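Presented sequentially are two complexes of chain A, the first with chain B as partner and the second with chain C.
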Partner chain A sequence: MKKYWAIFKTQVVNSLAYPGEIIWRSMAILLFLWVFTFLWRVAFDTSAATTLSGLTLRDTLWYLMLAETIELSRPRFANTIAQSVKDGSIAYLLCKPYDFLLYQLSVNAGDTVFRLVLTFIFGGALIWGMVGAPPSPWGWPLTLIAFAAGWLINFCLTALIGLAAFVVEDVTPFTWIYQKLIFILGGMMIPLDFYPPWLQRISKALPFSYVMYGPARLFVSPDLERFTALLAGQLAWVAALGVLVSIAYRRGLRRLAINGG
Partner chain B sequence: MTVIQISNLRKTFTTKRKAAGLGGSVRSIFRPQHQVVEAVRGISFDLGEGGRLGLIGPNGAGKSTTIKILTGILFPTEGEASVLGYVPWKERRQLAYHIGTVFGQRPQLWYHLPAIDTFQLFGKIYELEDKDVKQRISFLAEAFEIEDLLETPVRKLSLGQRMRCEIAASLIHRPKLLLLDEPSIGLDVVAKQRIRDTIRRMNEMENVSVLLTSHDAGDLEALCKRVIIINHGQIVYQDRVSNLKRRYLTTKEVGVRYARPIPKDFTMPDVNILKVGKYGVKLGFDTRQIPADVVLARLAESGDLVDITISDPSLEEVIAKIYQEVEGAKEAQA
Partner chain C sequence: MEGSKSSMRRELKFLFAIWKANLQSAMEYHIAFIAQILGMMLNNAFYFLFWVIFFERFKEIRGWGLNDMFLVFGVTATSFGVTAFLFGNAFSLSDVIAQGRLDYYLSMPRPVLLHAVSARSIPSGMGDIIYGITSYLLSGYFSWGGLGRFVVGVILASTAFAAFLIIAHSLTFWLGNAAALARLLMNAILTFALYPITLFNGPAKFLLFTIVPAALMGSVPASLVRELTWQNLGGLFLGAAVLLGLAIVVFRLGLRRYESGSAIQVEV
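Then we have the complex of A and B:
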């Protein structure tokens, strides 16, 4: 395990090679949240209610802040994996005594750290200024755990898409579809609470909501029961998807034909 | 002890074929056509402990594919291989602890970080003790003359400096076998020579066996004890480098430039005049007929030399020559 920790730490340092870029990228959240704030103000004003589907305007915006933070900091390495399968550079990563998938996990986790922290700070500061203080801080550590579990689900799904490059030539359509599923069924654009009950049931059963809705909703309404139910669901998905990724990887490796070899 | 032993190794790839243009692209969606490429066609050889073997051949000959099978990255289609007692594609991770790899065209050092960070990371990856890693780094830094480069981000190093760091990084865990794929590609003459010297020194100091691929005849001359020439996935020639030199690397080409114009009918006994210009002349000769120093001395007598270059025949010429002999022998047998 020590070696994966070392890889993680190295990538954390590596991600700071261009600090300006990481700061600017994290500031993208300000634009999205600015637009969201106005949209949701209008929605709440029109209905003249203080809560909609159990959420106040302040809850909704803090929810969206966290959902955006998750979206903007989640690793997008499907194309990187796919590219390394296609151009054969995956081969060069395989010459070292580590598990390729755990290597990728460590690198992507290291890459997430600063983006997560900075996006959270920028987004949080804006929403605090617009609608007031964040939800109770005792839910924060729980949210962090749920975030980590959701991050793992996203990692597995993204890895599956990337490994599809062993079979198909271009994985961009899949990453596009995945992003839209996260947007809509994951609850990034609208909290799932606002959906009709049948759609809520479907989307809450799918893994996308465990990446985004679950942790973001827990952040707004921290509660131990919600947390344990969420974490159990997340871990079940991590286990199932983890097995799938590892099968896909082993199968794929047998098909590996290095281009330009 | 035999470090590498492979017999009758084959690797075929299936690649998609597509006719040119839009029509071809559409047709390939509905009726994909595949083409089988035989990258390696029945190669057998072995390498003993402390050996230095060069796998030489033009682009696409199957050199890199062979190296990738030996590291366990690629599964062969057929044949057997044992590297340090492991079957590479079945025991890739165990094998990885004992081999070092350098791919000239794919850096393993982290691009934005100083080389020392990658060295330390590799120490962790190979599960070495911190104290051991520290000692090893200072030893390698001295051997490769990279003490002053270790703390510079890799992206700011020159290609030659980076390559020295790459090779040092691949030796951090004291591998028993070093696999180098085109280590000298893109380097200038001085940097090439420096890389060759350090590889040879490490081989002599630590008895690490070396297998390298190259398409530069200079690499094998300077570095290898034994050479295998492969082309189209097959071994066309294998022998000791000293024999190869004696038999094939016997011709040299010399180009000189003089301070003053030279006569148009410039001649010299026992050499081939290839080209005569106003100030310069280019000639070829066989070192078995006339020693190089004699040629150089005669050239110096002919006027005030401004510039001089001496080159070996290109690998392509050597292979062509070997081919002619192989084909000639076949015909003679028939």
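Then we have the complex of A and C:
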């Protein structure tokens, strides 16, 4: 495990090599949340209600802040894996003394840290200024654990898309569609509570909501019961998807043909 | 006069030749090409589900309903697609400048900016175009006259969008590689263009007509499709022309600061 920890630490330092890039990227959250603030203010005004499906305007905007933070700090490495499969550079990683998937996990975890912190700070400052203080801090550690478990689910799903490069020419369309599944069925753009009941049931049963809705909803309404149910679901998905990634990786390697180099 | 006409004809001929070559190059990998088109259509359809769910719950936002969103999505997606498909390098001009790849275009006897932005096509843009037209047809605003206005609106909105991208990426001449900033600005114009303009008021609305001219890509061309008024048409034409002029000026000013290590290479 020591070597993966070293890779993680190196990547954290690497991610700081271009501070301008990381700051501009993190600032994107201001833009999205600003638009959301306009939209949801009008939506609550139109409904002439202070609470919709158990959420106030303040809850909704803090929910969206965390959901956007998760989305913007989420690693997007499917195309990196796909490219290394297509151009054969995966061979250089395979002959090194570490597991390819654990290497990807360490690198992407390292990449996430500062993006997550900066996005949270920028987004939090804006929403605090717009609608007031954040939800109770005692729920924050629980949210962080749920975020980490959701991050692992996202890692497995993204790795599966990247590994699809062993069988298809181009995985880019899959990454777009996955992102939109996260947006809609994950509850990034609207809390799932506002969905019609039938769509809520479907969305909550799928892994996307465990990446996004689960941690964001826990952030605004922290309670132990919600946390344990969420974590149990997340761990079940991590286990199932982890097995699937491992199978896909081994099968992919069998198809790999590298010439020369 | 005759000379400028023939020069324009020559440049148009050149542009069509580049587009033809780009299309042939994309079609070379026809499965990937089709996958990108279908993938982008599906991607847009999933994104639009947000508005379907939203209006299912809230019905109307300050006079805007789901049919207005179909229309604004139609115009914006088509304009985005036209820019991506025909002027794909406008999306990565920062990298071209920062990596010294402008040398190649500077060495050619053709307009540098036009050549540089049209040298690459993004195949998924075709998916945006098909999706955008479908979205317009489903909006309930279709009429033959409206279709003509849709085409005019898309041409002007694409011009405004391409010009905005050129300005954003040209900041690289002054700031070093401004790719991340340009991406942020592109996200800004797209995000604002895809929301009902009636949401915004005061300084926010001013912003959408000036610094981040999203209104020229979404709500103004959509209004033009709904109804022909001189205010809509004139405003859109003027906005697109001013942005294009500004883009050319900013790029030329930037070009004076351009330095490279003689990286003349074949651009494929």
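For this structure, a couple of remarks:
The criterion applied here is as follows: the second predicted complex is superposed on the first by the 258 of 261 C-alpha atoms of A that agree within 3 Å, B and C clash if a C-alpha of one lies under 4 Å from a C-alpha of the other, contacts with A are read in each partner's own complex, and residues count from 1 in each chain.
In this section, a contact is a pair of C-beta atoms (placed from the backbone, for glycine too) under 8 Å apart; a residue touches a chain by one contact, two chains touch by 3 or more.
Remember, predicted model here, so these are calculated numbers, not experimental data.
In the superposition on chain A, A:196 makes contact with chain C only, while chain B stays out of contact range. In the superposition on chain A, A:35 makes contact with chain C only, while chain B stays out of contact range.
Touched residues of chain A were counted for both chain B and chain C, and C has more of them. Of the two partner chains, chain C is the only one touched by A:180; chain B is not.
Shared-chain residue A:20: touches chain C; no touch with chain B. Look at A:121: by the touch rule set out above, it reaches neither chain B nor chain C. The residues of chain A shared by its contacts with chain B and with chain C come to none at all. Listing the residues of chain A that touch chain B in their complex gives 2-3, 5-7, 10, 13-14, 17-18, 89, 91-92, 94-99, 254, 256-258, 261.
Residues of chain C that touch chain A in their complex: 29, 31-32, 35-36, 38-40, 42-43, 46-47, 49-50, 53-54, 56-58, 60-62, 124, 176, 179-181, 183-184, 187-188, 191-192, 195, 199-200, 204.
If you check the complex, the residues on chain B that touch chain A are 13-15, 39, 64-65, 68, 71-75, 92-94, 96-97, 99, 101, 103, 106, 108, 110, 112-113, 117-118, 120-122, 124-127, 153. On chain A, the positions that touch chain C within their shared complex are 20-21, 24-25, 27-28, 31-32, 35, 38-39, 42-43, 46-47, 168-170, 172-174, 176-177, 179-181, 183-184, 189-190, 194-196, 199.
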